[in-house]
Structure formats: structure tokens, C-alpha cells
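Heads up, the next two complexes both have subunit A, just with different partners, subunit B and then subunit C.
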Partner chain A sequence: MDLTQLLNGIALGSLLMILSSGLAMIYGLRGVTNFAHGALYMAGAYIAYSVAQQVSFWAALIAAPLVLAALGAVLELVFFRRLQHRNHIEVGLVTFGLAMIIERVIVIIWGERTLSVDAPPGLTGTTSVLGSDYPSYRLLVIGIALALAVGLVYWLRKSRVGLHIRAASHDVETSAILGINVDRVSLLVVCIGAALAGLAGTLAAPYVSVHPAMGVAILIQVLIVVVIGGAGSIGGAMLAGMALGILQTVGAIWAPSLSVLIPYAALVVVLLWRPQGLAGKRA
Partner chain B sequence: MTIFEGRGLSVRYGAVKALTNVDIALEPGLVHGVIGPNGAGKSTFIDGLSGRARVSSGVVTFNGEDITARSPRWRRRHGIARSFQRTSVFNSMTVRHQLEMVAERNGESDLASLVDTLGLAPVMDRVCSEIAYGTQRSVDLALALIGDPKVVLLDEPCAGLVQDESVRMLQHVRDICREREVAALLVEHDVEGVFRTCDRITVLNLGEVLASGEPAEVRSNPAVVQAYLGSAA
Partner chain C sequence: MKCTRSTFIISALAVSGLLAACGSPQSAGDGNSADGEAVKVAVIPPSSGALAQFGQDAYAAWQFAADEVNAAGGIDGRKVEIIKMDTDATPATTLRAAREAVNQKDAKFIGGVMTSTEHGALNAQLEGLGALSFNGLGKDDALTGKDCNANAFRVVQSTTMDMNAVAEGLSKLPAATWDIQAVDYSTGHTSAKVFKAAADKGGKKMGIEQFAPLNTTDFGSYISKLKGSDADGLFAVEYGADGVAFVNQMAQFNLSKKYDTVLGFNMVSEPLFKALGDKIVGFNNNLGYDVNSDEPKNQEFVKAWAEKHDGARPYYVVADNYLSAQTLFEGVRKAGSADPEKVKEALNDLTFNSIAGEVTMRGADHQLIRPSYLGQVVKDDKGTAGLGWKILHKADGATIAGDPSPDCTL
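Let's turn to the complex of A and B:
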């Protein structure tokens, strides 16, 4: 395995890390498996496509997460909050339906053809990393993901709001009774989770092709990442996302015919060896 | 003077009558115990009073105001705190983080003295999952008492504690309630502890009040002796 392959794995892991941390945050707080997360990622990529066409990629990097945060607010206020006392399967099915609606709306607006987004000017070439030439844009993806991971963990650990999020993720009812405004915390978390999906979609747009099946394709991987990381654990999801990205890329070189099985094999191994996930707590 | 009152409270879960027509009146500085065998409706009673369970009939008042429809969070913000049978501690946080967080949310003026009284100073910077269970219970009591609540509803604060810890916990409950003029409701399995600690006691059985009054009065009530304490009591 050479450095380029390792960096490809890290770049894929970076996308999975951003996407799965949002999903884990929402799961941790609302207890909802958000099957619409892949559709949010896809929406981010399509919005990025349009904004990049009309303005610039850098504008898309800001606009897409903001639009998705607004969509997250709708998700929370219209669905998650009203359904918070319903069982998880019912809420899961609602998010599944929402995913289908979002995907259909995207197809109506942008069509079914595959679209491509150019990397921003200045990042279309390669950069030398320890003697190997590597696409500059992918280095940007890795840099943003790592900075985001550090920032998110620091914010959750050190800020007052982060403390409230951690408390509410531990136990919503107790937190509410101890005086934490759980509704406000939930709104914030779902908005951030959706914005992260939008950011991942934007970063993915110049990296992978933008097409209507991209949401479903990545959703399965991200769900596996969240389960492996330990449902609801943001740090665990980040770790598992990066590990899976690297494993998958490396696996595709060493055993191409088996690489597609790697996420599932990893899921089975983790569930057998550590059912609560890498960073999850024992039940 | 009654500060918090439940009148004619009934709670139903579908066709099951979990609580039927129960009255209670809490006064500042006094601890009112609630005992009863498993399934007597003790936790349902506290859930009804704290707003966690919807009461099917009856009224809950606080300072004379009808608060039956108010949410648990509203009640907490207005001075009615509660604890659960399970502890409310956040395992991944330090004791200091969670006490300060709840103090900040509820405007506690003298956290240091509460920490001191409950002997929590040595564990303030330790993560909750790493401290002894008995100490976690004390943190749980501190969480309920933060913000100078006027009423605390305590659901088995001694659950899982050994005898010595249980005695100390109930002593803390009584002392703090007297000192801070807090009206307390204490649901507890430790019957002797309740008789030792409480100023008044209500005995529940099958969701109904079997007896209510001062400890000596309740202890000698023939119905209580028959149904709950046993003939040897």
C-alpha cells in the first residue's frame, strides 16, 4: 500500500466521518435512526452543484450546509418533536418516507442525469505529499474533516451548549427535569446534523459524481459506521468512519472482489465482539 | 401551612387503575413519607405529582395555584424538583460539571454549602461512573436540591444503598429539608427509615390510601398492621 492509497482511504473516511457524526448526534439525542440522512447528503451535493454553477464552490460550501440546517429545523419541528413519544420503528419509517420524498423532489428539480462539479480553482491540480503527487482537492476534504472533528469534539466537551447536548444525549427526560431546554438543544442538534450532511454532500460533489442514487449508496455505509462506532457516540462514529474509509480503499486494492463486503464483515465482527460498538456503553 | 397539595388524584394506565383518589399536603421543612408494598402506586403517585404521568382526575396545587396541567420542566423551574428510583447522574461527566450545569440552569446561590453538607467535595472532579454508588446517590440528591426548590419529590433515594448509607441519606434528607425549609415527599422501601425520618406518613395499598398521619398514629393503625407491617409490628 502506498501513500496515495492511504490518502484515498483517509479522504473517503473523512466524508464518512462528517456524515456519520451528524447521524450519531441526531440518534444520540432523539433516538431516531434518520433514514433521510443519505437524502440530506444528496440534497447538499445538488445544492452545491447549482450554487457552484451560479456563484462559486466556496459559496456552495457555505450555502449548502445553511440550506440543509433549515431543512433540519423543519425535520425537527414538524416530525421529530411531534413524534418523540412514538416508537422508534414508526419514526424510522417516517424518515424513510421523507428520504423518498426528498429524492423525488431532487429528481424533479435537477433531473436523473449524473452531474459533475469542478474542484475550485487552485485545487484542481496535485500537491506533493512526502514525494507523492496527490489531488489537492482531496487534501482539502481531509483538512476540513479533521478540523471539523477536532472543533466538534472540543465544542461538545468545553462549551456550555456542548454540556447540555451531552446531558440530553445521556437522558432526555432527566435533563428536562433538571432544567435543560431539551427542545432547544434538539433543534440545534438536528440542524447541525443536517448541516453536516449538507457539508459532506458539498465536499463529495467534486470528488464523486452527483446522481440520484448517491444518498442511498452512502446511507448504508453510514448506518454501519454509526453502529460500529457505538450508536449515539459522536467520537465513535468519527473513528469508525475513518477506519472504514481506509479499510475499504485498501481492501479494494488488496482483494478487489471482496472489498464490497468489508463494511458488512466489520459490522458482524464488531457486533459479535463488542455489541455496544467501539465507543458505546454496555447496556 | 400547605405549600404543595394533591387532591383526589387518580392515575389510569388504560384500564388499569394505578392510583385512586389519593390526597396529600406538603408543608415547608417537613418530610412526608409514602410507603406501601410493590405495586401500591408509590412511583405512579410521584409521577402524577411531578407531571410525568397524566392524572385522570384530581388537582395538584402549588402555593394555591392549580398546576395539574403544567409540564415537569415548568414545575422544576418554579421550585418543584424530583428524583427517580434510578439515579439522574450523567455517567460521562464529572460531578462538578453536572452540578454546575444544573446550578446554572436553576439559579443555585449556595452550591458550595450543599456540596459540603453532602460530603461531595472530595469527588467533585471525578467522573460519575467512577465514584461509588452511594456517592452517586448523594450527587443525585444534590441535583434535586439545586436551585433552592420549595418542594422535592424523592423516589426511593436509598435504593441500592447498604444500611449505613441508607441511614446517612435519610438523615441528610431530613436535615437539609429542615434547614432549607423544603417540603419533601419521600417514597421509600426502607419502612423503618421512613418512620425514623418522616413527620407524616401515608400508606398506599393497591393504589389507594390505607392510612395517613403521624408516624406513631400510622404504626398503630390496625389496617396498616394487618396489610403491611405484619402482626409483629
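Let's turn to the complex of A and C:
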């Protein structure tokens, strides 16, 4: 595999990494399998499309995560918090319904047709990486994802809020007894998780095509990434997202017809070999 | 609340089933009272999912045709009534909608069905339903081959007809060596096979041939391989959202500059012009309908459509569904009846003037014999998003249709 193909795998892995880390954060703290995460990603891409049309792609990179963070706050305050003592299958189904609502709203606003967003000026061409020409925009995606991964992990490990998030993810009741405001932490986590979905959608907009089915298409992959990583583990989700991106790219080179099966095969292998996921702890 | 990992996994796997099974089976028909003389047509296009925009346009074309003929007094006095049904483009939902339309709403004719898979399932049920289907969208060869049916009439060109038109026009394109990038689906493989035969006949050489699974979003690995090829022409069969992603990523990798000629099959079309923009100027593609055709009926149709749609001109989905409606109306007119059996008989080998010129519904396999084109995307102020088509080659319908498939017995 040459350098270009490796970079292709890292670029795809970067998108999966950002998206799955948000989902893993929400699951880790709220215990919610957020089936609306794909729809949030799609909403991010559509918002990015409009903001990029009206202002610029760089404005979209800020605006879409902010709008999605606000949407995340609504999700937390209206649904997740009120449903926190309900069976998580029920909550999961509620998020599934939310995904359908979000998709419909998007179709009403933007229509059914496939849209596309141009890469920002200056990043439309290629850049030479060790002698290989590679799309500059994909390098930006990789750079943002890696910076985000490092920043997020550092923040979770070193900051006081990060400590509270890790504590609440481990045991909500004990954290509350110890004085951590779990509701506030949850609100923050769901907002960040949704914002990450918005960021992934924005970065994906010039990368793939923007269409109403894009959320559904990636949701299964992201759910698999989170399970492989160890449900609730942010680091595990990031690792699994990157690994799956590279594996899928390799698969597309060596066995294109079978590459769609790679996420499912990886899921089966990891669950047989390490049922708790790559970074999960045994229950 | 603490959840177990197994719950997460079960939920994650369950959602794929839910996503696949989810449809929208509700009907939007108006359920008028039965009228023996009315020509009742159930139009069943997708109203949700990625094909919904095409579905909306297909319905608009049928309704436009019905309004037009009704305004002129109907077909020999018979009014046309459109009964709109909803589907999500899955065979099960479409069949359910077709049964409801025929059994409860008294529809005798069906149009607007989108995919070849739906048509395949519908064809098998048509005789039991006692209804006729007019296919303006499903191009799979099997629909006039092993899956043909006496009650099913295909108005749109088959995949092979379109590919034969492209193959005929290949000599007009300059590239000497061709790479193939196609979807890993029957359309992709059939198109690649026909293309290679035509290229071989025309003395062209072949380079890389690769297939990407349907719904591929990242073409990076495929494009990286194409960049290493020496070919000067690219034949690409990627459509819908896949096609948009492929074209955009081609631009990001500067792949378009590597090839002198890019030839798409079902890759670039009017609904995608806005999304693809100027990147596709100079791309070549098959074209089923020529909006600029000087056929008198076409000129009238384009003018009337534009007047009713804020100046927007019809594209292939609209035109092919309008032509489907015209085919039905011609059948009813010749039969002098709205009885499906009589209309079926009347349509066999019927020749009539249409927006595509003089066309014939071939009795042997119920394929409409009509021309197909090879076009090049050019800048056009009157076109969608400032883009339009220059016709490079017009292929004769009878030539590209070839002989009826021996697999089809009506």
C-alpha cells in the first residue's frame, strides 16, 4: 500500500473518529444509544452547505457545531434527562424517531436533491506529501481530526470538568453523592457530542455528497465503531474509527466487492476475541 | 442509569433491521368514485428516501399529461384520473400500494414506479391484478427479458439501448486508451461489458477496470489507482449520490485534468447539475431525452411545461413519464376503450408520433423503440444551473434495441 492509499485510510478514519467519539461520549454518560447521531451529522452537513453558500466554509466550520450543540442541549433537556430512568431500549427508540423527524425537517428545508459543498479556496487542489500529490482538503480533515483527538483526550484527562465526566461515566450515582452536578455534566457532554457530529458533517460536506440518506449510511458504521472500541470508551472509539477507516480503504484496494463487509467482519472478530471491545472494561 | 454493552450491541444491530424495514405505506389517493369510462392511473413514485425528488417529478409529469388531455376533452371523451400512491421504492411497499390502488381505488393502469427491482416484482403481479404498467424509469434489461410481462410496457430505453448508443458514439470521442470505474452492480458490469466490446471494435485499448460497491462515499482508493494509469479516457458508471461524490473527489485529486475525455453512463444529468457545477463541463454522458429536439410534439411539450413551471424546462424523468402517459393515451385512443385487455392489444406494435419523434411499442417484448443520444455537458444559459447538453450522436432506436430477448415470451 503506497502513501496515498494510507492517507486515504487515515482521512476516512478521521471522519469516523470524530463522529464516533461524540456518540461514545453520549453513550458513556447517558447510557443512550443515540440513533439520531447520523441525523445530527447530516444536519451538520446541510447547515454547512447553507453557511458555506452564504458566508464561507470557515464560517460553517464554526456555525454548524454551534447549532448542533444547541440542538444537543434540546435533546438532553427535553428527552435524555426526562427519560433517564426509562428502559434504554425505549430511549433508543425515541432517538430513532428523532432521527426520522430531523431527516424530514431537513428534506422540507433543503429538498431531496443531492447537494455538494466545494472545498474552501486554497484547498481545492493537491499538496505534495513526500513526493505524492494528495488533496489538500483531505489533509485539513486529517489535521483537524488529529488535533481534536489530542485536545479531547487531554481535556478529559487533565481538566476538572474532564475528571467529572470520567467519574460520572463510570458511576453516576456515586458521582452525584460526591457532589458532582451530573445534570450539568450530562448537558455539557451531550452538547459536545452533538457538536462533534456537526463538525464531522461539516468536514464531510466537501468530502462526500450531501443528501438525506447520508446519516443513515454512516450510522451503522459508527455504531459498529463504538462497539468495537468498547461501548462508552472515547479513546476506544477513536482508535476503532481510525482502524476501520484504514481497513476499509485497504479492503477497497484488494477486494472491492467485499469491502462493504469489513465493518461487520471486524465487529464479529473483535466481539469473539475481546467481547468488551478494544478499550472497554469487562462488565 | 448504567447500560450493559450487550444492550448497546443488540440495539445497534436492531436498528439496521428497523432502517431497512421502515417504509411509508400510507396512501395519498383521493379515492374518487368509480367511473366505468374514466382512465384511472395509479402513479406510485417514491415519496421518501434518496429517490423522492425523482418521484415528485415523475408524478408531476403524469399529472401534467392528465391535465393536458382532460383540458382538451379527455381521450375521446374519457377523463384521465391520477391516483397518487406513496412508496419508499422498496418492492414490498410498491406492491402493497399497487394492490390498494387496483383493488380499492379501481385503478387499471400503473405508472411512476421508479426502480427496476420494483418493476420486476410488479411485473410478476400484473396479470393477477388485471392492470397494465407503464415503465418510464426502470432500465434493467431483464424487464424486457426474463422478467417481461404481457401487461408491462417499457417506455424508457433499456440499459443496453443506452449503452449501445454510447458505444456507437465512442468513435466521436478522442481518447485512445480507456479506464473503467463502475458501480459493483448489474448496471455497472453490463455497461462495462458493452463498452469494452465497442472499444475493442473501434480499436481502442483498455486500461484499469475497477468496480466500487453501491453507496460508496469515499472513492479515494479507487481514484489513487486511476491516477497511476496511462489511459487518456475514463468511462465512469457511478450515479446518484455516489456519482456526485466521485466527481467531486475527482476534482480534489485533479483526476479530471489527467483525462482528455471523461465519458459517464448515467453519471451526470440535470438533477445533479447544481451539485456538480462547472466541474463537469466537457464531460460526456448518455442522454435519453433531448430537450432541444425539434420534433413538433416536443416543442409543444417543452413550451407548455416551462409555462407552467416558472420557465424550468423538462428533463429525462419528466419527459419519460410524460411519454409513458402519452403511450397509455395512444393505446386507449386506438382501443376505443379503457379496458386494460383491449388497451394491451391496441398497444402491440403501435406506432405513434411523440416527443421523441415517431416511436413504436414493439409487440415482441413491449419495449418502446425510440432513439437514445450521446451528449456533452456545455454551458447553457437556459439550462439547469447554467448547464445544458450538446448532442454528439443520435442513435436510431431500432438499431440500438437489437432483436428482442429470447428470454422474453409474452
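Here, the second predicted complex is superposed on the first by the 283 of 283 C-alpha atoms of A that agree within 3 Å, B and C clash if a C-alpha of one lies under 4 Å from a C-alpha of the other, contacts with A are read in each partner's own complex, and residues count from 1 in each chain.
Just so we're on the same page, a contact is a pair of C-beta atoms (placed from the backbone, for glycine too) under 8 Å apart; a residue touches a chain by one contact, two chains touch by 3 or more.
Just so it is clear, the model here is predicted, and its values are computed rather than measured.
Colleague: Put subunit B and subunit C onto subunit A via the superposition and say whether they clash or fit.
Modeller: Superposition result for subunit B and subunit C: fit.
Colleague: If you count the residues of subunit A that each partner touches, which comes out higher, subunit B or subunit C?
Modeller: C
Colleague: Is A:I144 touching the first partner subunit B, the second partner subunit C, both, or neither of them?
Modeller: So A:I144 meets neither subunit B nor subunit C here.
Colleague: Taking the superposition on A as described, I'd like to know which of subunit B and subunit C A:I177 touches: first, second, both or neither.
Modeller: A:I177 contacts subunit B only, not subunit C.
Colleague: Tell me which partner A:Q276 touches in the superposition: subunit B (first), subunit C (second), both or neither.
Modeller: A:Q276 sits against subunit C, while subunit B stays out of touch.
Colleague: In the overlay, answer first, second, both or neither for which of subunit B and subunit C A:A70 touches.
Modeller: After superposing on A, A:A70 lies clear of both subunit B and subunit C.
Colleague: Calculate the angle at subunit A, using C-alpha centres, between the directions toward subunit B and subunit C; round to the nearest 10 degrees.
Modeller: It is 140 degrees after superposition, to the nearest 10.
Colleague: Just subunit B (first), just subunit C (second), both, or neither: which does A:A167 touch?
Modeller: Only subunit B is touched by A:A167; subunit C is not.
Colleague: Return first, second, both or neither, reflecting whether A:L6 touches subunit B, subunit C, both chains, or no partner chain.
Modeller: neither
Colleague: Name the contact category of A:V129: first (subunit B only), second (subunit C only), both, or neither.
Modeller: neither
Colleague: Does subunit B (first) or subunit C (second) touch A:V153, or do both, or does neither?
Modeller: A:V153 sits against neither subunit B nor subunit C.
Colleague: What's the minimum Cα gap, in whole angstrom, linking subunit B and subunit C in the superposed view?
Modeller: Superposed model gives a least subunit B-subunit C C-alpha distance of 13 Å.
Colleague: Where on subunit A do the contacts with subunit B and the contacts with subunit C coincide?
Modeller: Touching subunit B and subunit C on subunit A: residues 171.
Colleague: Mind pulling up the subunit C residues that touch subunit A in the complex?
Modeller: 1-5, 7-9, 11-12, 15-16, 18-19, 22, 49-53, 56, 184, 210-213, 215-218, 220-222, 224-225, 227, 240-242, 244-245, 248-249, 251-254, 271-272, 274-277
Colleague: So in the complex, the part of subunit B that touches subunit A is made up of which residues?
Modeller: It comes out as residues 50, 52, 72-73, 76-77, 81-82, 84, 88, 90-93, 97-98, 101-102, 104-106, 143, 147.
Colleague: What part of subunit A is in contact with subunit B in the complex they form?
Modeller: These residues of subunit A touch subunit B: 160, 163-164, 166-167, 170-171, 173-174, 176-182, 281.
Colleague: Sort out for me which residues of subunit A touch subunit C in the complex.
Modeller: It comes out as residues 2, 4-5, 7-9, 11-12, 27, 30-31, 33, 35, 84-85, 88-89, 92, 96, 100, 107, 111-116, 118-119, 124-126, 133, 135, 137-138, 171-172, 206-214, 216-220, 223-224, 226-227, 230-232, 248-249, 252-253, 256-257, 259-260, 271, 275-277, 280, 283.
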